[in-house]
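Here the chain labels run A, B and C in written order, and each chain numbers its own residues starting at 1.
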Amino acid sequence: MNIFEKMVGLDRRWVFLFLFVVVTGAYFFRNSFSVNVTTTREVRSIYDFVENLDPGSKILISFDYDPSSLAELHPMSRAILMQCFRKGVRVIGVTLSQYGAGMVEEAFRKFGSEADSLYNTHVEYGKDYCFIGYRPYPGFVILGMGENFRIFFPRDYYDTPLDDLPIMQGVRNYDDIEGVIAITSGTTADMWVIYGNARYNMPLALGVTGVMATDYYPYLGNAIFGLIGGWKGAAEYEKLIGEKDAATAGMPAQVAAHLTIVLFILIGNIGFLLSRRSKKTGN
Amino acid sequence: MKRRVPLAMVFIVSLFMVIQYFVPLDSLAWMYQYLLDWTIIIGVFALLLGIWSLWHVSYGKIKQRAENWQYSIVTLAGLFIMIISGFIPGWGNLNNYVYEHLFYYVLVPIQATMFSLLAFFISSAAFRAFRARSILASLLLFAGLVIMLRFVPMGPVSTVVADLAGWILRVPNMAAKRAIIIGIGLGAMATAFKIMFGIERSYLGRD
Amino acid sequence: MEDSHLVELLWTTFAAFLTFATFSFLYKDNPFYKFAEHLVVGVGAGYFVVLLVLTSLKPKLWDPLLAGQWWYIIPGLLGVLMWMRFSKKVSWLSRYPIAFYIGTSGVAIPLYMYNSINRQISSTLDLSVGFGSLTAFWGIIIVIGVLTGLMYFFFSKEHKGAFGGLAKIGIYVLMLGFGASFGYTVMARISLFVQRIAFLESWGRMIGNFFS
């Protein structure tokens, strides 16, 4: 048994500990080295879309994620919301995820006040943004909103009739907004493509978790105009809006973790190749 | 009554849903909107069934003093504290103190941490199982490594790796995922028609 | 220090305790982990019940009924029939709401046809959407990749001869796609862990601020 095989045979808790130390260390020393994030055209197209909107334009952002994926998707929400608030683009918020309501409330509360202090704005509920709430069965809700937001959401999350919100005046369905950005984990992204864009043909962009990102490339150009994939996608967006936040801060830890895992793969494969060679030579 | 009516119901409702897509009539749109609305209402009752099951299983464990029954008390305590806080007359709403704080300080940290454990399991899997045993496994390994290294600073090599990653995502990955989407689409269509015409009826269960 | 800061610190400390309790599973299963695991199931279910009742049942069923829209009794009744599953005698009644639900799902038929088949095929054949400077060339490679990938999924014909060879190219393409997914998945999983470290750091800072 060679040294590499012996390493692979170690108790997996040593592997866990090694990763824990490397990632934690890289996170705490994040200011000591920087990672140059290059932007991709799929992320840039979403940034450009928002940037080219006139102040007062309205978009729908669907925050379809739970605490389990807040790490990846909350930074995206922040970057997009900050850009909207800075530009004066109005945001209608909705969630199709069962624990998403808490995520949306926190996003608007936290990032709204950050925008106020950073850009000297006064982001106001009902005028600059609103949260219409949560409904189960995303496919049907997406179809319903395509007919009229009021079918499923006669009142917002705080029990105010939708018609009493200035931002919802004159907004009946997707035809009355500039587009939809769905920040989503799980199959809701497919539903936005199939039940939303395929049926109502509204401009649609997706922000998805890393696990899902590669699955949505086939929709680029035919169903979606942009795609933000995971933590790196969020870091790209932070770079585009010129504000480094959680995703950028985590990039050194990401690099360290990736190098560690590449190292693990190399050790495992070297051990495998050496043992195969020694079996072939009969030693 | 037991089988024919549900089968007829599936056929009529699904036929209507297909027709309304192709025929833009106001009366059809009106009915379509009601059907969407009602589906959600029915669905809510189905979701509440799951909560009943949770109560049933947890209560059963406590009653029978099954292994680790004490933890079922924790589950039920969490369940009832949330329900009571949400429904207390005059106080109960989605923004009351207990409901919100238990969400942000209990549900969020546990759920987020539980999923973060996967980082460790994937690293362990990479260490033990990710081997170039065949051409197929080598291709998987190659694509995985390129995507992983695409944002690692490596001087001039970084640009090459980033370009290669872009190519993998936009060419072979695009083709692979598109084949899967088309395959799933064809399969979904076939299944949908089988259900619509009553050929596939496993959803009815047994008599 | 204000009381509100102390209360927030206590709540955050409890969240940090639950974070450590959940992490402890990495060493081995233990009572702290079990406590956190069972607690999140209960709290999550309770959260969802309240949300469903207050934001779905009330405005969508209760309020319309109170406003005299009697026809909402139909979905309400169908919903109640769903609960008949618990009775052996009348469990067949739950087939009605299930049938209604499955029937409305028929809306997906034309949409899948358009989205997953028509538009994916036409996008594949659009050679102007390729990669880099050799757009058309890579466009043709994508066409070959999609066709051979589909051949691999075609199990009604044995994968032998020319067909088998093409299906083999298909599985190579699929493997490159799955490899890309793996690479992204690593990033996804690490993100979740980094976020927890960030939370623990902010908790540590909170404690530091409180005592300074």
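FYI, a contact is a pair of C-beta atoms (placed from the backbone, for glycine too) under 8 Å apart; a residue touches a chain by one contact, two chains touch by 3 or more.
If you're wondering where the values come from, they're calculated on a predicted model, not measured in any experiment.
A.B. asks: Computing the C-alpha centre of each chain, which chain sits at the greatest distance from chain A?
C.D. replies: Between chain A and every other chain, the largest centroid distance is to B.
A.B. asks: Applying the document's contact definition, name the chain pair with more C-beta pairs in contact, B-C or A-B.
C.D. replies: The comparison resolves to B-C.
A.B. asks: Name the chain with the Cα centroid closest to the overall protein Cα centroid.
C.D. replies: C
A.B. asks: Could you tell me the distance, in whole angstrom, between the mean C-alpha positions of chain A and chain C?
C.D. replies: The computed centroid separation for chain A versus chain C comes out at 13 Å.
A.B. asks: Using Cα averages as centroids, what's the distance between chain B and chain C in whole Å?
C.D. replies: 4
A.B. asks: So what's the Cα centroid distance for chain A and chain B, whole Å?
C.D. replies: That pair's centroid distance is 17 Å.
A.B. asks: Which residues does chain B have that touch at least 2 chains other than itself?
C.D. replies: Touching at least two other chains: 21, 36-37, 39-40, 43-44, 47, 93-94, 103-104, 107-109, 111-112, 114-116, 119-120, 122, 126, 141, 145, 148, 166, 169-170, 173-174, 177-178, 180-181.
A.B. asks: Among the residues of chain C, pick out those that touch two or more other chains and give their numbers.
C.D. replies: 26, 44, 47-48, 51-52, 55-56, 60, 104-105, 107-108, 111-112, 115-116, 120, 123, 177, 180-181, 184-187, 189-190, 192-193, 195-196
A.B. asks: For chain A, give me the residues that contact two or more of the other chains.
C.D. replies: 16, 23, 68-71, 99, 101, 135-136, 140, 143, 152, 157, 199, 214-215, 218, 232, 254, 257-258, 261
A.B. asks: Give every residue of chain C touching chain A within the complex, in rising order.
C.D. replies: 26-27, 44, 47-48, 51-52, 55-56, 59-60, 63, 104-105, 107-108, 111-112, 114-116, 119-120, 122-123, 129, 177, 180-181, 184-198, 201
A.B. asks: Please output the residues of chain B touching chain A within their complex, sorted ascending.
C.D. replies: It is residues 21, 29, 32-33, 36-37, 39-40, 43-44, 47, 93-95, 100, 103-104, 107-109, 111-112, 114-116, 119-120, 122-124, 126-133, 141, 145, 148-149, 151-153, 162, 166, 169-170, 173-174, 177-178, 180-181 of chain B that touch chain A.
A.B. asks: Would you mind writing out the residues of chain B in touch with chain C in their complex?
C.D. replies: The touching residues are 2-3, 5-7, 9-18, 20-22, 35-52, 54, 58, 68, 71-72, 74-83, 85-87, 92-94, 99, 101-120, 122, 126, 135-137, 139-148, 150, 163, 165-186, 188-189, 192-193, 195-196, 203-205, 207.
A.B. asks: Could you list, by residue number, the parts of chain A that touch chain C in their complex?
C.D. replies: Contact set of chain A toward chain C: 13, 16, 23-24, 27-28, 68-72, 98-99, 101, 133-136, 139-140, 143, 152, 154-155, 157, 193-195, 197-199, 209-211, 213-215, 218, 221-223, 229-232, 246, 249-250, 253-254, 257-258, 261.
A.B. asks: In their shared complex, at which residues does chain C touch chain B?
C.D. replies: 11-12, 14-16, 18-19, 21-23, 25-26, 34-57, 60-61, 72, 74-76, 78-80, 82-83, 85-86, 91-92, 95-113, 115-117, 120-121, 123-124, 130-132, 138, 141-150, 152-153, 170-187, 189-190, 192-193, 195-196, 199
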